[in-house]
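Have a look at the structure below before the remarks.
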Amino acid sequence: MKLWDKGVSVDKAVEQFTVGNDYELDKHLVKHDCRASIAHARMLKKMGVLSKEELRKTEAGLQEILELSAKGKFAILPEDEDCHTAIENFLTKKYGEVGKKIHTCRSRNDQVLTALRLYEKEALSDTKKLLCDFQKQLGETATKNSTVPLPGYTHMQKAMPTTVGVWLGSFVHAAADDVLFLNAVAKMIDQNPLGSAASFGVPVFAVDKKMTAKEMGFSRVMENPLHAQMSRGKFEMTIASLLTQIMLDMNHLATDLMLFSMQEFGFVSLPVEFCTGSSIMPQKKNPDVLELARAKYHVVVGEEMKIKGIVGNLMSGYNRDMQLTKEPLMNAFEITKFTLSIMTPVVSGMTVNVEKCKKAMTPELYATEEAYKLVKGDLPFREAYRLVGEKYGGS
Amino acid sequence: MKLWDKGVSVDKAVEQFTVGNDYELDKHLVKHDCRASIAHARMLKKMGVLSKEELRKTEAGLQEILELSAKGKFAILPEDEDCHTAIENFLTKKYGEVGKKIHTCRSRNDQVLTALRLYEKEALSDTKKLLCDFQKQLGETATKNSTVPLPGYTHMQKAMPTTVGVWLGSFVHAAADDVLFLNAVAKMIDQNPLGSAASFGVPVFAVDKKMTAKEMGFSRVMENPLHAQMSRGKFEMTIASLLTQIMLDMNHLATDLMLFSMQEFGFVSLPVEFCTGSSIMPQKKNPDVLELARAKYHVVVGEEMKIKGIVGNLMSGYNRDMQLTKEPLMNAFEITKFTLSIMTPVVSGMTVNVEKCKKAMTPELYATEEAYKLVKGDLPFREAYRLVGEKYGGS
Amino acid sequence: MKLWDKGVSVDKAVEQFTVGNDYELDKHLVKHDCRASIAHARMLKKMGVLSKEELRKTEAGLQEILELSAKGKFAILPEDEDCHTAIENFLTKKYGEVGKKIHTCRSRNDQVLTALRLYEKEALSDTKKLLCDFQKQLGETATKNSTVPLPGYTHMQKAMPTTVGVWLGSFVHAAADDVLFLNAVAKMIDQNPLGSAASFGVPVFAVDKKMTAKEMGFSRVMENPLHAQMSRGKFEMTIASLLTQIMLDMNHLATDLMLFSMQEFGFVSLPVEFCTGSSIMPQKKNPDVLELARAKYHVVVGEEMKIKGIVGNLMSGYNRDMQLTKEPLMNAFEITKFTLSIMTPVVSGMTVNVEKCKKAMTPELYATEEAYKLVKGDLPFREAYRLVGEKYGGS
Amino acid sequence: MKLWDKGVSVDKAVEQFTVGNDYELDKHLVKHDCRASIAHARMLKKMGVLSKEELRKTEAGLQEILELSAKGKFAILPEDEDCHTAIENFLTKKYGEVGKKIHTCRSRNDQVLTALRLYEKEALSDTKKLLCDFQKQLGETATKNSTVPLPGYTHMQKAMPTTVGVWLGSFVHAAADDVLFLNAVAKMIDQNPLGSAASFGVPVFAVDKKMTAKEMGFSRVMENPLHAQMSRGKFEMTIASLLTQIMLDMNHLATDLMLFSMQEFGFVSLPVEFCTGSSIMPQKKNPDVLELARAKYHVVVGEEMKIKGIVGNLMSGYNRDMQLTKEPLMNAFEITKFTLSIMTPVVSGMTVNVEKCKKAMTPELYATEEAYKLVKGDLPFREAYRLVGEKYGGS
């Protein structure tokens, strides 16, 4: 039974159109909704809406769901619509009245929002951990090869000498920028939206947002209920921007690695277990993992775009459109986390081919150095540049 | 067993990262791959690679898969990677040698491409049918209400009088533009890519692309194998543009319907079975279907963007990145078809509230008409405009 | 004086915010607006709104503007807002009454729309010509080098042998697909929107859309005025999709050329006049033109996205938002035309380094051929594949 | 003369294609480049490359340019390519040798990057100021109308009672989120890239990045030169994400204001000086400023997308593609700043129509309140919900 089912028969297709794959996505939200529901129930107890015994039952029920869910045994069926209804139905069925009371002083709108924010906080924390692991591994591989020479390219042309250490080290610094951004996003979203109800707060009852914030680990409270609701999609699009930023580093590293492992360069060799073969060409060893890491940057950008498109031109207050920001957000998180976790062993497993690197250090890479030595000998730079330029001809 | 499995143990995570959800998406491709494989097998027979008996067996096997698949009983497991391997494995297991021969003279690259193009041709045809149904229903509802007056708005302000017939009729014409575009896209992609192999054609054997084209119903052949491969993603992005164009009409109609069914307008009432309730507000009747139709335009735009991002900056020849264009394309098709199919009954079921429409025809809507009557009486337009403007209060 | 100026003082900033750079963009529209205005004036004459003498004066005035504009001497000032007002003001100032009458039976909305569609028709025709020139040049260079061998790459790894002829030829075929799409778009937009006025047609007077269509060279008429208005942005987004498709070919060709002209490949040399130097490195010869051609694909995608974002969630009838689709459209056209015109001489001027191409034809490129020879000798493909695979070292 | 001009005649079209409108955009960069060049010159003096007298001359020259530029009198011509060359040419022409020396120990790549980062720091600071002004004004208008009742809408349907104070207050909170994000971005980009040269640092000489950082007011130094170069585009895309976030608030406020000022609502009236008229309809008062503010959100999203597309799939080291991230970034800044500055007086000038707001407070808005009163009287929520739902029927 749907929460809003008041007897009108609703066409099956409408159900499928509106529910979409929420019932699948929501497996990510069950534990967060339980956590939020426990906080909410405790507040209802304090407010006198639930008795001590009712709270005990509610907590026991939610605890049971948490345990089932951890074992992958809490099913959300299409007819449940989403995890929130599945949870309420479970409680009502097994614990009676308390299931009917738990929804007092909240709306599905703020319930979803709260569970999502808890999910996001956890997913950001997971992402940060994976990003730091990746950064650490990069640092180790960079250090190990810090003095191996490498041609530096600009405009895809040999430019000046550099080292494998500088090259890989640049990604260590890039990851540090990402961590900084991640911390800021984590701080921005760390606000309790519970109590905003449908978008305009809870009438009659005085909800205690600070209490639920404390229970759930939010450091601030969203005082204005409409602000809370309109942060839906907006915070998500900014999280997606962060994930895009992280994925750009993956894209750049994958691009470099694919180029540098081409037969024509040979600077690095990829770990064989990260490559695949061809169905027609027996000799192939293809860097599929890297190609997909490169492409997934664009997938995350597309997810970000969905969110940015969906939330535009909407009037204040909840709009169902916002529901469709959930999937792109979750997809962006899953992709980013998976890509980080797979690029780390790529970096640890790759081999730097020192001889090939050395052989690639051809004379024109040192042209700027030559010019600068003339400058040191007191020629103005523009004249030294012209002199050396003539020597390397074609240029 | 993977096609490219030559003994190297491949990390489970790599498998999951590279396979992704292809094994799920490919349920859409099974029948198309079978059809293409039958065409391919017949050509192999003609070339002498398969004997008459081997062709019979192959066709029987593929027919069996087609029937299993139609009943939803042909499983593609994650360890199969995709439908193409699942099909080859099924043949080999049940029919022996022939399974090992069917892949002669093709690569998974052109095999996937061919199945995709057959899928696209069918999906375009389905979309066209749904679009024409929608257009027909719109035409009927427009005709039925052709003389009901309606305020015409510009800049979201009452502008000039119009009718429900003109308003809904505008979407009939819009759909006609879409059909024109759809036909062009269908024509553009109607080219047989089979025989392009990995990207560079088939060595040693002379494949007969015209024969397979005829078998599969393509009207032209892709002569250049690299052209065939590089059309991957490119044709898909243009199909996505078409779907975006169609979805824009859905977005606009949904936007109008939601506005005109607000209590403040009341021009139309939505069929109750397309609305849902609220978990907190007992009085609500929400146009969720329309909100989602509006939002899904942006989702399709996001899918289009993914494809456009993925295919940029790639060198010629197959790149694994291209695999990731499959999901956005299929998703865009599914969304568009579903939205069309649900908007048709919305249009047939909606009620035009004639009295409310009439009541909304306030005098300022006729200001231009007044001015034009003065013009007819020989006043230059700019002076008539000024006179009437003053009457309606400078606004 | 603004057309809508009825004495209210409008803040300078508002003017700048609303006018934007329309007065600059509109230099592209002057001739098209004049052409449309002549057609409109002739219809007004036929309707009796203009006398024969007034028509003569109007035509003389518009002809004068056409000539001034062709010489770059018809100025549109920020205070004119746009070319339409500049033209009307010019007529009124120099020819008196007729300037005040020309706006009868039309609105700025359909006036802009008509001029835009004429601009688009011309720009599409220009684009087609440039695309065909490019295609022709590609064909010539491909033919000249048709037998030069070239490694074919998949997954950025050497895969199978191909030729420069096949490689460049693939772009000839790609351009043919683009022409097909271009023709369809040209057909879709070839509809006369004049007479749709503000969005709801012209009251009192019966405008003759067929007459103006014939005068302006449109092959069809937009019967429904709201359809005409709502095609604004929609047709433009589809034109932008076409331009994106064309630019993708430029992006791919530039990507290939940059890679193949790296020192590590050396398959082609770029014409020196299309390269630039470095301010610090005296030896550099950078393929800036190609880098920019590659990047401009993404710029056009961004312009397309602007249009697709702007037109979403808008209610039927003109919305000022639509004005902002003009700049991205024009920018996309300018970029595409310029890129086509500069890539043509790049293709004609590039040198194929036959020796380097030959030297790159290493044995593993022929592995598939070897396997296929075994197949011809009656080994099932999968076994031949395994045998040859072992020879080339499992890789 | 171009910096890289070494005698090769470069086709005029190539110049136009590569320079684009940099020479126009760079008027925003002149002062920042001068500031960076002064810092650089002081370091060169400390390193002994410039004498005391040469430094004096250089500083005088740069000071002169700063003053000319402040008066709008420092011209950058197309043949200069960009402001950096224009500045160097000016110095060389007027001060001789020193102009030729200033480019020692830097490349145009890090020179542009440094000027851009200084520009961005200033533009972020300007944006923050405008955002805070906007927030302050919103707060005042919210407070002034804090108790005026307003229907709260969800799903574009009347939902629950709220107030003008809550509605406008929600944007005050939203702006606070933006400030938080802005501060984080400002911190992320506050790193000195000067000394990274072409992408691989400066050979022979030991540049003092800390000294120039201090001179220019950067709080940190980019130690890794390749990190510095690859932050180009990446930092810019994240700045664009921030601007998109801010513009979303503008979009939402504009959407609300346009809806609430429709005749059918009448909750607010817009200041007349922010509206425009129609060329055909004498009675119109159109909210063009708001329509454009709404649309400009999508324009900024498009600019963001350009950057995100351009930087993908690029190998490490400077690529000319990066140049094309400059215009979208600057455009996004200009749009955001202008929109903020025009929305502030819209908020201060708008009128809340108290009577119309009160009249709109129809009974169904209080349905949830009724249900909650029953809950307080001890009915479980789901039963109270059903009872009240029946009363309001249609729901």
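Which chain is which? They are A, B, C and D, in the order written, and residues in each are numbered from 1.
Following the convention adopted for this analysis, a residue touches a chain if its C-beta (ideal position, glycine included) is under 8 Å from a C-beta of that chain, and two chains touch if they have at least 3 such contacts.
Computed from a predicted model, the values in this text were never measured in an experiment.
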| item | value |
| --- | --- |
| Label of the chain whose CA centroid is most distant from the centroid of subunit D | B |
| Centre distance in Å when subunit A and subunit B are each reduced to the mean of their C-alpha atoms | 28 |
| Distance between chain centroids, defined by C-alpha means - subunit A, subunit C (Å) | 36 |
| Approximate Å spacing (C-alpha centroids) for the pair subunit A, subunit D | 24 |
| For subunit C, residues contacting two or more additional chains | 6, 8, 103, 109, 154-156, 159-160, 197-198, 259, 272, 277-278, 280-281, 284, 286, 288, 291, 294, 297-298, 301, 305, 308-309, 312-314, 319-320, 368, 386, 389 |
| Graph class of chain-chain contacts, one of line, ring, star, complete, other | complete |
| Sites on subunit A touched by subunit C in the complex | 154-160, 258-259, 262-265, 272, 277-278, 280-288, 291, 305, 308-309, 312-314, 362, 364, 367-368, 371, 385-389, 391-392, 394-395 |
| Complex contacts: residues of subunit B adjacent to subunit A | 2-6, 8-11, 13-14, 16-18, 20, 103, 106-109, 197-198, 272-274, 276-281, 284, 286, 288-289, 291-292, 294-299, 301-303, 305-306, 309-310, 312, 319-321, 323-324, 328, 338-339, 341-342, 345 |
| Contact footprint of subunit B on subunit C as seen in their complex | 6-8, 49, 97, 100-101, 103-105, 109, 152-156, 159-162, 166-167, 169-174, 177, 180-181, 183-185, 187-188, 197-205, 222-227, 230-231, 234-235, 237-238, 241, 244-245, 248, 251-252, 255-256, 259, 294, 297-298, 301, 305, 308-309, 311-320, 366, 368-369, 372-373, 375-376, 380-383, 386, 389-390, 394 |
